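Note that chain A is present in both complexes that follow, paired respectively with chain B and with chain C.
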Partner chain A sequence: MEVLLSAENLVKEYSSRHFSGVKALVRALDRVNLAIPRGARIAIVGASGSGKSTLAVCLACLEKPSSGTIRFQNHELTCLSVDELRSIRPQIQLVFQDPATAFNPNFTVLEVLEEPWILQTKMSAEERRERATELLVRVGLARNILGRGSADLSGGQRQRLAIARALALKPKVLILDEALSALDYSVQAQIANLLLDLSDRAIPLAVRPAIVLITHDLVMAARFADEIVVMQSGRIVENGPVQKIVGNPEHAATQALLACTMNGAPISEKRPAV
Partner chain B sequence: MEPLLEVQNLNVRYRTRAGADVFALTEASLRIAPGEIVGVLGESGSGKSTLATSLLAMLPVNAAIDDGTVLLQGTNLLKLGRGELTRIRGSRISLIYQEPSVALHPTMRVGVQIEEILRAHSVDSRDERRHKVRELLDSIFVADAERIYSSYPHQLSGGQRQRIAIAQAIACKPNLLIADEPTASLDPVTQREILELLKKLQRERNLAILFITHSLELLDGFADRVVVMYAGRIVEDSDAREVLSSPQHPYTQALLKCRPRLERIENALSDSRIPVIPGEPPVLSSRVQGCEFEPRCPERMQICRERVPEFSNSENGGKVRCFKFGG
Partner chain C sequence: MRYLARRFLHAVLLLAGATVVTFLFTALAPGNYFDEMRLNPQISRETLTALKAHYDLDKPLGVRYLVWLKSLAHGEMGYSFAYNSPVSPLLAVRARNTLLLTITSTLLAWCIALPLGVWSAECSGRWVDRLVTGVSAVLLVIPDIALALGLLTISVHTRWLPAGGMVSIGSETLPFAARLWDLARHMLLPAGILVLGAQPLLVRHIRSAVAETIGEGFVRAAEAHGIPRGRLLWRYALPAAANPLISLFGFSIGALLSGSLLVEVVTSWPGLGPFLLEAILARDLYVVIGGVLLSALFLVAGNFIADVLLFWADPRIRTE
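And now, the complex of A and B:
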């Protein structure tokens, strides 16, 4: 399948200044190679601090990697200028964990949804309104909430709205960074279904977005994705089809994650090896 | 067995700024035996945190307790004065929260923060306090207790900070620990470690734990009993294994179905969707006449709309609030 977005030898280092004055380099991503095919469903899993979120912001061009390349279709994103990136960014959209802080609380639902169009297109106000209504229907929200304040919505509704906004510019890649984690299980199931709908195999590849679900919940990752990528200490330690990762995990980090998420596994005195 | 804690018919309501009422907890009754781990399973707005805070009489000022008693070994906590409550909190009942980084003082060494609890509960000798904290840290951390004692919260990981919060909570040897989503902000490996620590404390100290969570797989193999809450009411109360393997209340059944299971992933690969609970939970600003789950219930009957069911005994020895079982 055609590779849409890929990372090669991606390294991201952050410098952290200790209060004693010692400067330390933290390597958040360490030579990461990843290929996201058109229309794919991919999950990136790993414990806290494994580099999942850094990978997300690098792929979405919100952070510049320290070295390595990111390719999107024919463009090498790592050497584009800010202006050139502006035309690429709409095609790679990011949804964050906490839907409560994702919007300007003073914005109505309509204002949230039309902002991307105001910034990126020359659409008329009427057209924006019409398209916003279409988006609401697409993510399973009621049409009549356009005038409601974004702060008045429930957690699940807000996460739907965040996904709707991310879809406004018809992205080719949708990255969700722990976008399900803060939600109740019954709401997680609804949002996961929405993601499955958006990337349904019946939708032609040309218009079907690739979805990258970043999570520490291996269960949801396995249920949603076709392929799972496991990260630890900034590296990809294992990746492959879901059946392989769940049924026959090779790396210790995958096995530890699996052991912790297995339903009904008795709690032992022994700490799982990480 | 004589219960350690007995909650009878507790009703809690919040008054919003607009002057409206939110009925957060309705007719909640619960018993916890000494050394028992009771899981409270519920989603946002189900009343589980209100239940936790009312057990310590720590409700916010806009809350009103309309009715009910909270008996700790026979003493009604809701009738106690502030001084008596302060003596009980920390020494007989403790609470840990979801976010340990908020619970800890950012510029105090964590060891000293644990000592503070001992001082508040009149361990007057400084050496004795220090000695006790060292012992406590040794039992809670696998290694490095010495370094952790003199660390600041920001130098510790999320899991270590939660361990410090637990150390604070158990420093004065309470009989009951209320844990309100203590692992929600941690990754799965650390989550397991914290659960193992709590289980160990339960065994070693005969500590009863009320474990509040929205995550049902955490309770599997951990809790002895599970109480399921929906829209401010307890709807099912049963042995943990029974609730998780053969849930009785239609809400519990629906909730369990919408969580995928790794064992069943293989069949799910066919582009199918996850079962969901249709609709949304009710707004609790007015009392509904019938069962709160009725509008979303796949097995609703005429009577469900007319009145609220009472608890009935289910086949697996638990209690269910549903007309299917009599009501």
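And now, the complex of A and C:
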């Protein structure tokens, strides 16, 4: 399958200075190689501090890697100018963990969704309203919340709205950085089902986004993804199809994550009950 | 609207409390305008007693407060012993001059600090940010009086600007544009001192508030949508960072009458500063009370305006 987004030898280092003046380097990503094919469902799992979120923001070009390359189709994103990058950004969308800070508190639901259209398309106000309503319905939100302030929505509604906003510009890659972690179980299950619907095999490959789910929950990862990538200390320590990772984990980090999920949940089941 | 009504009631009660406290503290301070007259052998004890009775100074404190409240209701704010005139018209002329200076300098200070603070936040950690932070730190440690005297000295030595006052002698005969230019030249020094003095506080607050919101999820999500950086800063980060800045703006309004007193005295600006200083030294009781009350009125009004602006700017307050 055609590789859409890839990272090669990606390194990201953060520097901090001790009180004594000594500079300390923290390597959040260490020579990461990853390929995301068109329309794929990939889960990146790992414990806290393993570098999952850093990888997400680097892939979405919100942080510049210290070294290595990120390619999107024929473009090497790490070499592009700010203006060139801006035209590619809508193709790679990121949904953040915390739905409470995900929206401009001064914006209504309609303003949240239509802002990129106003700047990047020539759609009329009527068209924008229509498209926004379609998006709301697609993510399972009521049509009549268009005029409501984004601050008035519940956590689950906000996360759905965040996904709707990410889908607004028809991205080719949708990255969800722990986007389900702050939600309760029933809402998590609803949103997992929504992601499965968005990446349904029945949708033509040309319009189906590749979804990258970043989570520390191996059960959720196994239920959603076709391929799992396990990270530890900024490195990818194991990756492969779900059956291999869950059935025959090789690395200690994967085994540790699997041991944490031994709560009787059948991880082979695709659609969690709501 | 209940929120605004509550805030308004709060402001009115605060102002009523301010009248009591101001009157009480000023009236209870030792000595009065007529005490110095006792040393003058030409003024008899009977005359002094008659004068005190004329100005109600022989009455109990509660009665004097009520008489003053009645005078306040008539728009007089009491009577000046030194000027032998109601306080209001005396204060009005000086307050107008002070407001002319402080409104101009406050607007200028915000117009300079806002882009500087946002720019500094955007370039956080880079040389621009370090330069702005460094200059702010230097301005912060220079006391206002030293800044005022320093600029006054430069102005006197170079003769670039008039060293004091509000207008030149004979300027009333000049055409309107020339009079305006004369006023602007006189205002440049005191306004410059006020603007420079206000910069560190404003720039630092704006910088820290905007820097905090730049990292928020919604700004990063908007960036991922390809929204230009300028729009991200002015339409996303700045409005979301507005709450503490609106409170600071309310405080700026509150300080419009009282914030420039020192600068007015140093640069001989004919505002409330020199007038109140003179009234305090002469124990001109009702002028002092009137000046303090006017400052309190601006402070309360500034807070109320900030509340209204917050209500308008932040939908989360409206939701409550």
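One rule holds in what follows: the second predicted complex is superposed on the first by the 263 of 274 C-alpha atoms of A that agree within 3 Å, B and C clash if a C-alpha of one lies under 4 Å from a C-alpha of the other, contacts with A are read in each partner's own complex, and residues count from 1 in each chain.
The rule we apply is simple: a residue touches a chain if its C-beta (ideal position, glycine included) is under 8 Å from a C-beta of that chain, and two chains touch if they have at least 3 such contacts.
The structure presented is a predicted model; accordingly, all values stated were derived computationally and were not measured.
Engineer: For the overlay on chain A, clash or fit between chain B and chain C?
Structural biologist: fit
Engineer: Is A:31 contacted by the first partner chain B, the second partner chain C, both or neither?
Structural biologist: neither
Engineer: At the Cα centre of chain A, what angle separates the centres of chain B and chain C, to the nearest 10 degrees?
Structural biologist: 80
Engineer: Does the superposition put A:131 against chain B (first), chain C (second), both, or neither?
Structural biologist: Neither partner.
Engineer: Kindly classify A:222 by the partners it touches after superposition: chain B alone (first), chain C alone (second), both, or neither?
Structural biologist: In the superposition, A:222 touches chain B alone.
Engineer: Tell me which partner A:47 touches in the superposition: chain B (first), chain C (second), both or neither.
Structural biologist: A:47: touches chain B, not chain C.
Engineer: Quick check on the superposed pair: does A:154 touch chain B, chain C, both, or neither? Answer first, second, both or neither.
Structural biologist: In the superposition, A:154 contacts chain B only.
Engineer: Quick check on the superposed pair: does A:94 touch chain B, chain C, both, or neither? Answer first, second, both or neither.
Structural biologist: second
Engineer: Is A:201 touching anything from chain B or chain C once the two structures are fitted on A? First, second, both or neither.
Structural biologist: First partner only, chain B.
Engineer: Once the structures are superposed on A, label A:186 by its partner contacts, choosing first (chain B), second (chain C), both or neither.
Structural biologist: The answer is first: A:186 touches chain B but not chain C.
Engineer: Of the two partners chain B and chain C, indicate the one touching more residues belonging to chain A.
Structural biologist: In the superposed model, B touches more residues of chain A.
Engineer: Please give the least Cα distance, whole angstrom, that chain B and chain C reach in the superposed model.
Structural biologist: So the smallest C-alpha gap separating chain B from chain C comes to 6 Å.
Engineer: From the superposed pair, tell me which chain A residues show up as contacts to chain B and also as contacts to chain C.
Structural biologist: Overlap of chain B and chain C footprints on chain A: empty.
Engineer: Give every residue of chain B touching chain A within the complex, in rising order.
Structural biologist: 43-44, 142, 157-158, 186-193, 195-196, 199-200, 214-217, 220-222, 244, 254-255, 258-263, 265-266, 268-269, 271, 273-277, 280
Engineer: For the complex, give me every residue of chain A touching chain C.
Structural biologist: 57, 60-62, 82, 86-90, 92-96, 98, 101-106, 115-116, 119-120, 149, 151-152, 162, 165-166, 168-169
Engineer: What residues of chain A sit close enough to touch chain B in their complex?
Structural biologist: Answer in residue numbers: 47-48, 154-156, 184-190, 192-193, 196-197, 200-201, 216-220, 222-223, 242-243, 246, 256-269, 271-272, 274.
Engineer: Under the definition above, what is the set of chain C residues touching chain A in their complex?
Structural biologist: 216-218, 220-229, 231, 236, 239-240, 313-316, 319
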